[in-house]
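Can you keep this structure in mind? I'll have questions shortly.
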Amino acid sequence: MSATEEAPLVRLEGVGKRYGNIIALRDIDLEVGASEITCVLGDNGAGKSTLIKIVAGLHRHDEGVFRVEGEKVSFGSPREALERGIATVYQDLAVVPLMPVWRNFFLGSEKRTGAGPFKRLDIPFMRSTAKRELLDMGIDLRDVDQPIGTLSGGERQCVAIARAVYFGAKVLILDEPTAALGVKQAGVVLRYIAQARERGLGVIFISHNPHHAYPVGDRFLLLKRGRTLGYHTKEDISLAELTAEMAGGAELEELAHELESAGVQGAPELREDARDLGVSD
Amino acid sequence: MSATEEAPLVRLEGVGKRYGNIIALRDIDLEVGASEITCVLGDNGAGKSTLIKIVAGLHRHDEGVFRVEGEKVSFGSPREALERGIATVYQDLAVVPLMPVWRNFFLGSEKRTGAGPFKRLDIPFMRSTAKRELLDMGIDLRDVDQPIGTLSGGERQCVAIARAVYFGAKVLILDEPTAALGVKQAGVVLRYIAQARERGLGVIFISHNPHHAYPVGDRFLLLKRGRTLGYHTKEDISLAELTAEMAGGAELEELAHELESAGVQGAPELREDARDLGVSD
Amino acid sequence: MTIAPPAADERIAARSSFRKLLGRPEIGALIGAIVLFVFFSLVADAFLRASSFSTVLYSSASMGIMAVSVSLLMIGGEFDLSAGVMVTSSALIASMFSYELTLNVWVGVVVSLVVTLALGFLNGLLYVRTGLPSFIVTLGTFFMLAGLNLGFTKLITHNVATPSIEDMDGFSQARAVFARDFTIGGVQVNISVLWWIVFVAIATWLLLRTRSGNWIFAVGGSAASARAVGVPVTRTKIALFMGVSFTAWFYGMHILFNFKSVQSGEGVGNEFFYIICAVVGGCLLTGGYGSAIGAAIGAFIWGMTSNGIVYAEWNPDWFKFFLGAMLLAATVVNLVVRRRAEAGK
Amino acid sequence: MTIAPPAADERIAARSSFRKLLGRPEIGALIGAIVLFVFFSLVADAFLRASSFSTVLYSSASMGIMAVSVSLLMIGGEFDLSAGVMVTSSALIASMFSYELTLNVWVGVVVSLVVTLALGFLNGLLYVRTGLPSFIVTLGTFFMLAGLNLGFTKLITHNVATPSIEDMDGFSQARAVFARDFTIGGVQVNISVLWWIVFVAIATWLLLRTRSGNWIFAVGGSAASARAVGVPVTRTKIALFMGVSFTAWFYGMHILFNFKSVQSGEGVGNEFFYIICAVVGGCLLTGGYGSAIGAAIGAFIWGMTSNGIVYAEWNPDWFKFFLGAMLLAATVVNLVVRRRAEAGK
Amino acid sequence: SSGGKKADEQATKALNGSGGPRLKIAMVTHSAQGDAFWDIVQKGAQSASAKDNVQFLYAADPDGGKQAQLVQSYIDQHVDGLIVTLAKPDALKDVVAKAVAAKIPVVTINSGAEESAKFGALAHFGQDENIAGQAAGEQLNKAGIKKAVCLIHEQGNVGLEARCAGAKKTFSGQMQNLFVQGANMPQVKSAVTAKLQADKGIDGILALNAQIALTAVDAAKGSGSKAKVATFDMNKDLVTAIKDGRIQFAVDQQPYLQGYEAVDELWLYKRNGDILGGGQPVLTGPAIVDKSNADAVAPYADRGTR
C-alpha cells in the first residue's frame, strides 16, 4: 500500500488495550507511511484517542504488535515517541495551565543557547517563535506570557497544534484538532496537514467531520465500540459512503424528518445539513 | 423583537468585562426571549465564552446592564442563575473528574427522598435517569459509576449537555456543545435545541459551525475581538452571508486554491468544503 | 438511538466478585491493616490478648475520632492544621470556665462547644474570605491557638496545666458520656471507641447517601466545576471546618473527663497524625477522593503500630524507625492491593 | 492571517509601570515583609540596629537555605517531610564518621554528602516507584530517619548527642566554609547568609532561565501533560528530592561546624517551617507556581517575626499567638497587594 | 542517701545468687524523643537491670494521655514492675490505679513526689523539677546576677516550666522566660542573641539543657554581652565549659540515680519485699556542679552517666 518499498512509518497489527476490566480496543490494524494521511473516524467512545495514545507512547498496548519503521516497539513514555519524531496533539491538549504560552509551546523540546553550565533557555527566540507560529494560524495573542490557562478553548487548541506541527519530524498525530476551532483556524489546520504530507510526514488525523477528513485523508480507519468497522483506502470509498458509515444508518434521516414535521424554522437547511451528515447521498 | 409583549428572558445592554487589564468584552447587546434561539458566533478568543459566563453567573460583568425577565441582576454565583432556571453547558464542561457519572449528572441539583434527618439521595433514580438520558443521546455507557474523568472527550461532553437539558427550566446556554461530538451525537444535540425551543425555553447557542447554528437560530450575534461585529435576526441574513461574515474574508478561498494547485488528492472536495465554509456562495 | 444496550456489554471483561470486592477503596487499607495485625500477632505475644486489643482500639479511637472529620475536610480539598491544638483549646475552655466560676461542668461543656464551633467557623470564614490556601490560614490559627492556650492558661491558673475538676458538679455524668470505661465480655472498653464507630457511620452515611456528601466530593474534586453547576462551595467548606471543630470539641471533652486536667501545651503535632490516618486510609491529599471508613482503618493501623511496637518490646530508640517502616509497608500493601484490583484480569 | 498585529492592542487596557511591577509574584511577599519591618521598627527600639539586622538575617538564612530547595520541590508539586530530620542526619553522619574513625573532618563532610544525596535519591525513587503521594512516602522516611538518628547515635556514641569535633583536623577550614562569622561595615554576619543568597540566585536562574526550570514548573503544574509532551517527569522529580537533600547536607554542615556537636533529636518539625516559608513567599501547595526569591522573602518574614517578637519583649507565653497573627497578617498583605495588582485599573 | 544505695547494692549482691525467673520492668516517662536527661535516667535503669538480671523496657510520650496509654500497654503485657513519672498526675491517676489493682508494683520517679504515695506507688525517687529550679535560683543569687532569662526550649512542657518557675521563686533579681526552638540550634542562637540585643541589662542566662547552654554561650559572646550562663543537666562538653569558666554552674538532678534506684527498688521489692523511703520521697539531688567540683565529675560526664 505504501508508495515506497520501505516499511511504513507506523504500523499496528492486531493491537488491543484494556483499562482494568474495560476493553477499550480490540484487534486493530493501522498503517501510516511517509507522505500519507490516515484518518481515524468513529463515534464518541469508540477508542480513537486510546489508539493514538498508544502510538504517542502515552499508554502501552496489551495485545498485538506495534512497529515504527519496521522495528517492533513498545514505548514506555511519550519522550521515546518524540525522540523518534512522533509529535502529538492530544484531545485534552496536554498543556500546563499556569505556565506562559511560550513555555508551553516549547515544553519538552526547549531551545537553548550558550554552552556548559551556562547553557540557558533562548527566551527571545522562543517567545518570538511562539508568537509567530500562532499568528500564522490566525491567533493574535495579546501576550505570549499569559498563562495558557487563561486562553480561550480554541486558542489553547491552536497552541497545541502549532507546537506539534513545529516539532513533528516524521509522524504527526492530531486528535480532533479542529474541534474547538473557528472556521478560519480550521481551514489553516487542514492546510497544515496537507503541507505536512508534502514535507514527507506521515499523519494520523482524528476527526468527527467527514468534510475535514475525506479531502485530506489517504486511508480511513473506522472504529466502533473498540473494534474495526472498516479500513479503506481513498479509492475504495466515496465521501458519501464514508459519511454514511460514520453516522451509522438511518437515525439522522429520521431526525431531519422529525424536525421538519415539527415546523422548525430553517429545517430545510437542517435537512440539507443532515444530508451532509451522511443520511442521504 | 420578542414574540410576546413580556420582557425577554435574558437581555444584555452594553455589557463589558475585563480580566485584570485584559479587555475581553466591550459594549455587547444580546436578547433571548422565550421560544427563541440566539446564536453567538465568532473567532477563537472573540469573547463568546466570557459572554455566556456572565449570563450563567460565573463572572460578574463590569459595565452595562444585565436583565433577567426585565429585572436588573448581577449574579454572584451560578447557583443564583440556576435558581432562575438558567442551565449551562460550559466549554470546559465543569465536571468533577473523580466523581461517578451519575453523581456529576445530578451535581448541584440532587434528587432526594425521605424526610427530615433521613433525607437522602435517591440513588436508584439518579443512576437510572443518568443512564437513560445518555442513552437517548446515543451514548451507551458501560457503567454510570465510572469516574467521569475516564470517559472519552465526547462522552463527557454529552454528560454535560444531557445534564443541562434535563435541568434547564427557562434558559439553556450551550457553549460549543457539538465540538467534540460525533456526527450522530451532534444531530441529537441539534434536535434537543429545537425541542427546547418548542418547550418554550430561551436558548443561547455558541458554535463555530454555521451549518449547526443557522438552521436552529433565530438571532445571530457575531463577535470579534471582544466587540459586536453584527447582530442579525434570521430574516436579515442568509446562511451564506453569515458564513462569510464568520470566516472573515478571502483567506479560505486562497487556501482552497493553494491546496488545489499543490495537487492534493481530494482537493476538489476540500474546495467544495471551503465553499461550505463561506468563501464563495 | 433507542436500541436497548446488549444485556452483557462486550466492551467489559469479566471480573470475579472477589475482584469487585477488592475494588472498593477501603479494602486496600483493610488488607494493610490485616497484614500488620498478623505481623504483630506473630512477633508480640501480648498483642493477641483481649485487653491489649481494647488498648489498641482505644488508642485508635483517640486518633480516629478526629480523623473522621479531618478526612471529610480533606475529601473537601482542605487541611486544618489547627485541629490538634483546637482539641486542647476546647478542653481548656470547658475546664477553666467551670472551675474558675465554680459552675456545673456541663456549663463549661456547652460554652466550650459554642466557642469551638465558632473557632471552626472562623477558620472557614478566614479561608473563604481571604482566598488564601487553608494550609496557611489554619497554620496561622494553629499558632494563634497554641499561643492562646498557653497564654490564657498561665494567666488564669498561673500554671501550664488546669487544676483537676474531678470533684465538681456534673463531672461523673459528663465522664459517663465522654470517657467511661465499660466491660464487654470481660474486657474493659472505653466509650470513646463506641463514639468513634458512631461518628464513622454517620460520616459514611453523609458522604455516600446525602446531598452534602455529593457536595463534599465535588468541592474537593474540582471547586471551580462544582461552583459552576451550582454547588454552594463556600457554605460546604465552612461546614467542613465546623465539622472538624465539632469533633475537636468532642475529643477535647473526652480528654478532659478522662484525665481530669489538661496541659496547655498538649495537642501540638497531632493534626498531622490525623492527616496521616486519613491518607493511609486512602484519602487523596489533593481532595475529591477518600472515605470515612478508610480514615478509620488508617487510625486503626496507627493504633496497632504505635502500640504493637511497645508490645513487641522493641528498642524504644528505634521506635520511630519502626513506625515509619510500618507506615510505608501498610500503604504499599494498600496500593498493591488496589492496583491488582484495578488490573483485575 | 498575515496582517501584523496593531501596534497597541486595543484589547489591553493601559497599565502603569508601577502596576506592572506589582504584578510580579514576589512583590506581594516583599510588601508583606516591608509592612512587618516597619511595624517592628516602631514597636521595638532594638530592631533597627545593624547588629539586630544581622541576627535577623542569620535566623532567616537558617530557614532560607532549606526553603530554597523545598520551594523548588513544591513548585515541582511535591513535599518532603523528611527535610527537617535529614539536616540532622547529615550532620550526625559527618560528625560520627570523622570522630569514630578519627579522620579529617572533610572525610566526614564528603561521606555525609554522598549518604545524604543517596537519601534524597531514595525518597525520589520510593515516590516514583510506589506511586504513593510524596507526603506519605517522605512521612515514612521522616519517621525512619528520626528513628535512625536516635538509634545510631545512641548505638555509636552511647549518648543522645555527638561529642564535639572542635579539636579535630580540618575543623577550622570547614568552619570557615560553612559557619564563619565575618565583619561587614562593623557588623558581624555569618557566612551562611551569603550562601543563602547564592543559593537563591542559583535557584532563580535555574527556574527562570534553564530547561530544568521549565520542567520543574511543568511537572508541578500538570505532571500528566508534562509527560505527554516528553518531559522526563520521574527524572525531574528525583532531581528535586536530591536538591532538597543537597541543601539538607549543606545546612547540616553549617549546624555541625557552628555548634560543634549535634543532638540526635534536632530538626524534627522544621520541615513545616520550610514549607511555611515557601508558601508565605507565594508558592502554591498544589505545585506549578512560585519562586525561589519568594521563598527567601518568606524566610525573611519568618526571621523578622520570630526575632521581632523577642526584640519587642512581648510576653513569651503569647509568642506563638503573635507568630500566628504576624504570619496571617503578612500573607493577607501579600494577597491584597497581588489582587490590587491584578485588578490593575 | 548514699548509704542506702550502698546497702541496696550489697543486698542485691546477696540476692543475686539465688536465681529465679527474670523480671520484666517497664519505665514510662513524659520525655520527648532523644532528650539527654532522660537518656541518662535510662542508663541508670539499664545498669541496674543488667546487675539485677531484669528485662528493662522503656517508652515515653510528653502528652499525658498518650503516656497513660503506654502505661496501659505495659499493664496488658503483665510486666513485673512499672516505673512512671507523674508530670501530669491527674492524667496518670487512673492507669496507675489499674496497675496497682493488677498487682503490678509501681515506683514513681522525677516528678510527682506529692501524689506518689496517694496513688499507691511504693516509692518515689527524685524531686520536683520545681525544687531543682529553686536551687538554680539560689546559685544565680550567689553568682551576683541581677537580671536573668530562663530559656524554655519546649513550650508548654510541664517539667521545663516548673524549673523556670522554681528558679524565679528563689531568685532575688528579675527573671523572664524566653522561648527558644530546641529542635533548631540556629534559631536558639538568634533568639538568645536577639534577647541580649534587646535588653542590654541582662547579665544571666539559665538554660535547661546542656546543648542549649553551650549555644547560649556562643550567642552571648557574639552579641558582646557579659551575661553569665548557667544550666540544668550536663554533658562532657559542658563540664569542660564549666572548667573554662564559660558556664557558671550546672544543676545536676543526678538522673542516673533516679533510673537506677527505681529499678533496684522494684527488684528488691519483688525479691525481698523491701520498700525504700518509708512512704517519703527519696531525694536524688540536686547536686550543683561548678568550677570547684567539675574536675571530679568530668570522667562520669565523659561516660555519659552524669
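Order of writing sets the chain letters: A, B, C, D and E. Residues in each chain are counted from 1.
As a working rule, a contact is a pair of C-beta atoms (placed from the backbone, for glycine too) under 8 Å apart; a residue touches a chain by one contact, two chains touch by 3 or more.
The structure displayed is predicted, hence computed values, not measured ones.
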item	value
Any chain that touches subunit C and subunit A	B, D
Whole-Å separation of chain centres (CA-atom averages), subunit C against subunit E	34
Subunit B and subunit D, separation of their C-alpha mean positions in angstrom	47
Inter-centroid spacing, subunit C versus subunit B (mean Cα positions, whole Å)	44
Whole-Å separation of chain centres (CA-atom averages), subunit A against subunit B	24
Per-residue multi-chain contacts in subunit E, two or more chains	33, 155
Sequence positions of subunit C contacting 2 or more other chains	1, 11-12, 146, 150, 284, 319-320
Where subunit A touches two or more other chains at once, by residue number	22, 138, 142, 184, 251
Touch relationships between chains, expressed as pairs	A-B, A-C, A-D, B-C, B-D, C-D, C-E, D-E
In the complex, subunit D residues that touch subunit B	1, 10-15, 19, 342-345
Complex contact set, residues of subunit A against subunit D	56, 58, 77-79, 81-83, 88, 90, 93-99, 103, 106-110, 112, 119-121, 123, 135-136, 138, 140, 142-143, 163, 184
Touching residues (chain side subunit A, partner subunit B) in the complex	19, 22, 42-46, 48-49, 91-92, 138-139, 142, 146, 150-155, 157-158, 176, 179-188, 190-191, 194, 197-198, 208, 210-212, 214-218, 234, 239, 243, 246-248, 251-252, 255, 258-259, 262, 264-267, 269-270, 273-274, 276-278
Residue numbers on subunit D that touch subunit E, as the complex places them	44, 46, 49, 51-52, 55-56, 58-59, 61-62, 84, 146, 149-150, 153-154, 157-161, 163-164, 181, 188, 192, 254-255, 258-261, 263-270, 273, 303, 306-307, 310-313, 316-317, 319-320
Interface residues, subunit B side, partner subunit D - complex	18, 20-24, 225-226, 251
